[in-house]
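By written order: A, B, C, D, E and F. Residues from 1 in each chain.
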Amino acid sequence: MQKKLLEDKLKALLAEDVGQGDVTAYAVIPSDFAVKAEVAAKENGVVAGIEEALTLAQAVGLKAKAHVAEGEEIKNKQVLITISGDAQTILAVERTLLNLLSRMSGIATQTAALRTKLKNAGMKTKIAATRKSAPGLLYFDKKAVAIGGGDPHRLHLDDMILIKDNHLAILGGVETAVKKAKASASFTKKIEVEVTNDADALKAASAGADIIMLDNFSPTQAKATVVKLRKAGFNNVLLEVSGGVTSENLLEFAKAELDIISVGALTHSVKALDISLEIALPK
Amino acid sequence: MQKKLLEDKLKALLAEDVGQGDVTAYAVIPSDFAVKAEVAAKENGVVAGIEEALTLAQAVGLKAKAHVAEGEEIKNKQVLITISGDAQTILAVERTLLNLLSRMSGIATQTAALRTKLKNAGMKTKIAATRKSAPGLLYFDKKAVAIGGGDPHRLHLDDMILIKDNHLAILGGVETAVKKAKASASFTKKIEVEVTNDADALKAASAGADIIMLDNFSPTQAKATVVKLRKAGFNNVLLEVSGGVTSENLLEFAKAELDIISVGALTHSVKALDISLEIALPK
Amino acid sequence: MQKKLLEDKLKALLAEDVGQGDVTAYAVIPSDFAVKAEVAAKENGVVAGIEEALTLAQAVGLKAKAHVAEGEEIKNKQVLITISGDAQTILAVERTLLNLLSRMSGIATQTAALRTKLKNAGMKTKIAATRKSAPGLLYFDKKAVAIGGGDPHRLHLDDMILIKDNHLAILGGVETAVKKAKASASFTKKIEVEVTNDADALKAASAGADIIMLDNFSPTQAKATVVKLRKAGFNNVLLEVSGGVTSENLLEFAKAELDIISVGALTHSVKALDISLEIALPK
Amino acid sequence: MQKKLLEDKLKALLAEDVGQGDVTAYAVIPSDFAVKAEVAAKENGVVAGIEEALTLAQAVGLKAKAHVAEGEEIKNKQVLITISGDAQTILAVERTLLNLLSRMSGIATQTAALRTKLKNAGMKTKIAATRKSAPGLLYFDKKAVAIGGGDPHRLHLDDMILIKDNHLAILGGVETAVKKAKASASFTKKIEVEVTNDADALKAASAGADIIMLDNFSPTQAKATVVKLRKAGFNNVLLEVSGGVTSENLLEFAKAELDIISVGALTHSVKALDISLEIALPK
Amino acid sequence: MQKKLLEDKLKALLAEDVGQGDVTAYAVIPSDFAVKAEVAAKENGVVAGIEEALTLAQAVGLKAKAHVAEGEEIKNKQVLITISGDAQTILAVERTLLNLLSRMSGIATQTAALRTKLKNAGMKTKIAATRKSAPGLLYFDKKAVAIGGGDPHRLHLDDMILIKDNHLAILGGVETAVKKAKASASFTKKIEVEVTNDADALKAASAGADIIMLDNFSPTQAKATVVKLRKAGFNNVLLEVSGGVTSENLLEFAKAELDIISVGALTHSVKALDISLEIALPK
Amino acid sequence: MQKKLLEDKLKALLAEDVGQGDVTAYAVIPSDFAVKAEVAAKENGVVAGIEEALTLAQAVGLKAKAHVAEGEEIKNKQVLITISGDAQTILAVERTLLNLLSRMSGIATQTAALRTKLKNAGMKTKIAATRKSAPGLLYFDKKAVAIGGGDPHRLHLDDMILIKDNHLAILGGVETAVKKAKASASFTKKIEVEVTNDADALKAASAGADIIMLDNFSPTQAKATVVKLRKAGFNNVLLEVSGGVTSENLLEFAKAELDIISVGALTHSVKALDISLEIALPK
């Protein structure tokens, strides 16, 4: 996102956290008192949100400098960012900055872990996010997935055609749905459809879907469906599996030669990476 | 929060997710097509966010009815809410509604688990949240903690005086800090201070702190400090421990006869409760 | 767009127009004075913006009923919408309502005229909009194009990859650009690239572009390029021409068997359709 | 408008266009890559919106310099503005900047054309805009009219008393309406009333209207009414004609010795001036 | 202001007051508990803000009914509005509702007192407000002045030309300033200029000012200036005095036969009218 | 409040006042014309709002320097702030800046007067504000009270538990109410309760209230109640009186040995301090 627009988005998050002002700092910290601070990891992981942290700090008038790049592997105790400026201001942004950085780094760390597993096994399957995220944080969560080496998948409902079980409940069949979408959607949009069995997968491919999502397939079922589709000559349609993927069964799914494996837990059940900010008095 | 103000907050979250409109529903779902939908649990837990889900659904013109109360224990497959109305609208709110409900229920479930553990052991110690949360979601996260039987702790920086390590790095000692706070803060605010050893805990109590946070104390250290403080006659000061608390060591901390145990993971590392929405055609 | 979100968007447009209140109506019109009003065409055309007009009127507490459907051909003097309610309120929304309806109908009318020309000539080529629009009105302008039978093309910069002359000025060649995009963009996005000659068109197709935009090609050049691409076996890549298309040369372009003809003037140089609102006293 | 308030208004327009970020530039353009760009005319006209273009560019951190003044006549290929800075940022603002500049310049060009026609004929009649504009763009449209040498007329409903046909439909006669307005409106507001015949024009003048709008009068009717009013001694009341004015009949209307001729098409049917932005790599 | 736009403005004021929710009501008041409440005067005065109070109450889902009209004289203990609905909601809006109603009624009361004084003395001079008000409350303050029988004067900087001492410090003389304004401002705007002596008043009138403000004139000076201007034939120019007017010297100023007396204290030093809200349990 | 967040709040207030731009300055003042200006007192008092004035001026691109500190006693004619920069910008912010500074200084002046009275009498009782303020200005009003040496009391409904008459009307007795609050509110909140007689005061203290508000007690009643409470051993509960306090009876109340005296008039009936801004041409 353009830096100045990102600033406004971050300031809105900060404003909510600050309320009518930091009564503690106002009560006990002198104003216009310059200090330095270090943002440091308290465990190993993959960092994400450096741009957000710098932009937020700068947006409130602080100086901030990054010592790592987005997506870099970081170690416990490693200094990520140094900040200098007014103490009251640093205290006011501390928690918002850390909350975003820890969440994004937690997401990137988990995404990178899955991706490494695939890479080590020599697989080219992509790891993708879903829209199962925390409300209001889709942009940041998806960006963290991308930084961790995953694919963000669609950002919003206006991005892409994705026909799911609830659409099909209304429309009837996969074929009707895909044809309807092709007829009425803009040519600029890809069309994806969720299927629950291989017959529907074949219908979706015939009807011209760009992407087919195998919903809650076991690795074996997924494998069988991929084989059928490729055998039927559908070599360009992208195949995605979603539902029931864990770190443990990831490689089994990957062996089905799917193009994409999407994992809701990457964004709906985030384990924040432990990162802290320590103020040091200037000597 | 007042229902109409909550509506505006929820519509803002929805607007972000919808972008310029749900291109899928617009392409394939007829307009003004009435359907019913059920929001149901896909695992056991404690539900939170029912008010938010109803308010969001109603804010966009749907009818919605809850079948459970906030904080109730729910079972896999249990129907939580039934919704009826325009299909395109239900599809537009589905993900925002579920994302919030799943997150809040995940938080309530985890809070309730800790609280039950304490209760079963006959302890009256409170479980509290921290401000380590997802940016923009503090209100909802804290509310979920309260629904799960925990204490939300302060909401914003403007709520309460809480003097932490970074304030002390600037101010010098605990005693100075508490005295300064008492002199300049409003009499309407409680004053809490973080300490790292029992000498400071005693100083904080003498200086008149309302609450003392034992930062990263082991259960044994905490116990020793509590004993010293009570022996010194500080019976009214509330004692909180924060840092390093897990489900495993919770009871050990509780045995230290602390008033409050605060747990950052309740809100910074949420495991969303699995909840889904299924549309059914009216018969 | 979801109706309640559309309401908020329309109320923001209204608020800007109203300023601190309609001083004229306040000075001369009694409050709580019920009247009826008719919104009627003053020339022939194709109507668009009925949903917006109804939603705006209802959002401020008026009753409104449409007598035509979106995209319908309308005649001079035809009544499009009837409104009833408080006179001061009708006067306050009159101009915002008409300005939007007239603009959208002007766009739909012009789009439909081009599309009819193609249809009458038996062509299946699509007419598409560009992002050359009025700031802040992209959503409404694109929707009007769709209602007029055109393709809205991408809505925002976040929708789709579209590599244009200015990207190429930085990146060097078309091939590098498309490959880079394929490697880094999400699989959910289509990739379009602008080319200025047929060599680049072939490179773009080989590199895997989903759509190729022939920028400022003459009909003859376009025809030659289409032939070369199809002969080279690129049957699935969509071909779009943009620049220099007018109502006069439209069919010549269409004969080149392009998939899409995009026309900036549809949204950057709109001729508003003449529509008025007349208040009638209830008898 | 004050520059910092204008910045916020322009950033809001930009934010809408950018959505969740420019996925194309993000995918293919390196970050922190400095380039130069030229904004140049692609046809002759009168430029307007230079302040807006500079302010927007600067608001997102670019350097921008104008080579022409607001209202200057410009030639095809003339460079209007040079911009330098981060390539991704230039690409993100390009379309919003050009859309506003092209629209405002289109309005100024058309206004100046009418005004020149009057000036060349030795007339002092003013050309004025109406509120028939694009929703949300009234401020910019009116400013462009002023830059083109026209009068913006009222900006908002809160500016001035303007009693139109719909008010009169409710109130009965012109005389009652003007008297009511004089009695209840602030002395700081001018009072204008629309009339459809010369009897009403005389009543309006007697009742004390500051301005009389001759609604849809032919040049001959307008002339006759002006003569009657002036003969009756109403020398100070301003006379405006509105409706049916075209470039062709403009001088006929002007010969009626009206003070103001207002033309809705100036803002409701804008032909954007063709202006483009080209990036050049720094050498 | 249109009711739905007013609702949004009032809800924004409420949201600021409520913060993250009324912790007291949430802690001690049952939810969905229906009560009645009376808003009653605790001293005599003139009421203003009834529309705001009703609109705010209704905007949050309460029923509210007025027992007095805007501008009515009210007595101590008189019930102004009855409200019924959810207790938590009434408690949440109570203070915002009363603060606005008390302020507006205080302004109307004071305005009416001055106006009555003039009326009783048989004077037709108008009492007007200035822009010396509380930030953000200009709309409500001016409306209260109008309800109290005064003239709101201009609302915003975009309403009218008012050339004051600081403009003249830059421009040099009154004559230049007025001529410049007449040449460049829209014909829809009145032009007012502040003068400090009668020579300037005559120049301003000659230059064509619509209104002349006698700044900080004594009643005697004002009288002399009025006489000179009228004698010089300037019968239509409106004459306003501003500065140093008190309830005590009001009639002396009025005797100078001024058209308008403006009084900053009406809005910058408001004495709120005492109004309270009492909840009664339904029987 | 953090400076950048304060900037946004102040710019919003400015935007409301400016509307679509300062038509006067635009018509008569050259653009990019540098001037200096002095903000000076026109009467004696205590200044507050210097931070707001500087922040607003700087937020719109002006240079501004303070010559007094917040809370300082100032004399008639004393220069408080000097500003330099673009003349149109200074004229655009002049009124918003002065309105806020005058209001805040008026509040601080009145607060300081009461506080001085207590101090001179050797009393340590605190003067506190209430929430009876002007809508939207609570933050600034409370800050001004603090600068004047008073206590801001709670800022918002989310700050503190304060059980008032209307809560008690629903809940029944003081005792139930306080117990309910203690059971359900967060341990981070103080609990205050309003009482109307000494029996209730004793119950409130027994039930564990942190603060007791004696509502509309006479000085004699207050004294008696304080004595009873202290005699009963309630030495830590804070005692506040509210209602009926004037400058005249202040010392009588203070003699009752209350901890806090709260005065609604400090913020609901503000007398603005007279402060003006004069532009001087640079020599």
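Of note:
Keep in mind that, in the parts below, contacts are C-beta pairs under 8 Å (C-beta built on N, C-alpha and C of every residue); 3 or more make two chains touch, one makes a residue touch a chain.
Predicted, not measured: the structure shown is a model, and the values here were computed from it.
With angles rounded to a multiple of 5, the C-alpha fit of chain D against chain E returns 180 degrees of rotation.
Remark: among chain pairs A-C and A-D, A-C carries the greater number of C-beta contacts. The greatest centre-to-centre distance from chain F, using averaged C-alpha positions, is reached by C. Residue numbering at the chain A/chain F interface overlaps only partly, since under half of the positions present are found in both copies. Chain B and chain D have centres, each the mean of its CA atoms, that are 52 Å apart. Spacing of chain B relative to chain E, judged by their CA centroids, is 45 angstrom. Chain centres here are Cα averages; for chain B and chain F they lie 32 Å apart. In this assembly, the C-alpha centroid of chain E lies 23 Å from the C-alpha centroid of chain F. Annotation for chain A: residues touching 2 or more other chains are 18-22, 92, 139, 155-156, 158-160, 186, 189. Of all residues in chain D, those touching chain F in their complex are 1-5, 8, 139, 155-156, 158.
The residues of chain B lying in touch with chain A in their complex are 12-13, 16-29, 33, 35, 37, 87, 90-92, 94-96, 98-100, 102-103, 106, 131-138, 140, 155-163, 165-167, 169-171, 177, 180-181, 184-186, 189, 268-272, 277-281. The touching residues of chain A, counted against chain F in their complex, run 11, 14-15, 18-22, 59-61, 88-89, 92-93. On the chain B side of its complex with chain F, the touching residues are 126, 128, 151-156, 158-160, 186-190, 192, 211, 236, 238, 259-260.
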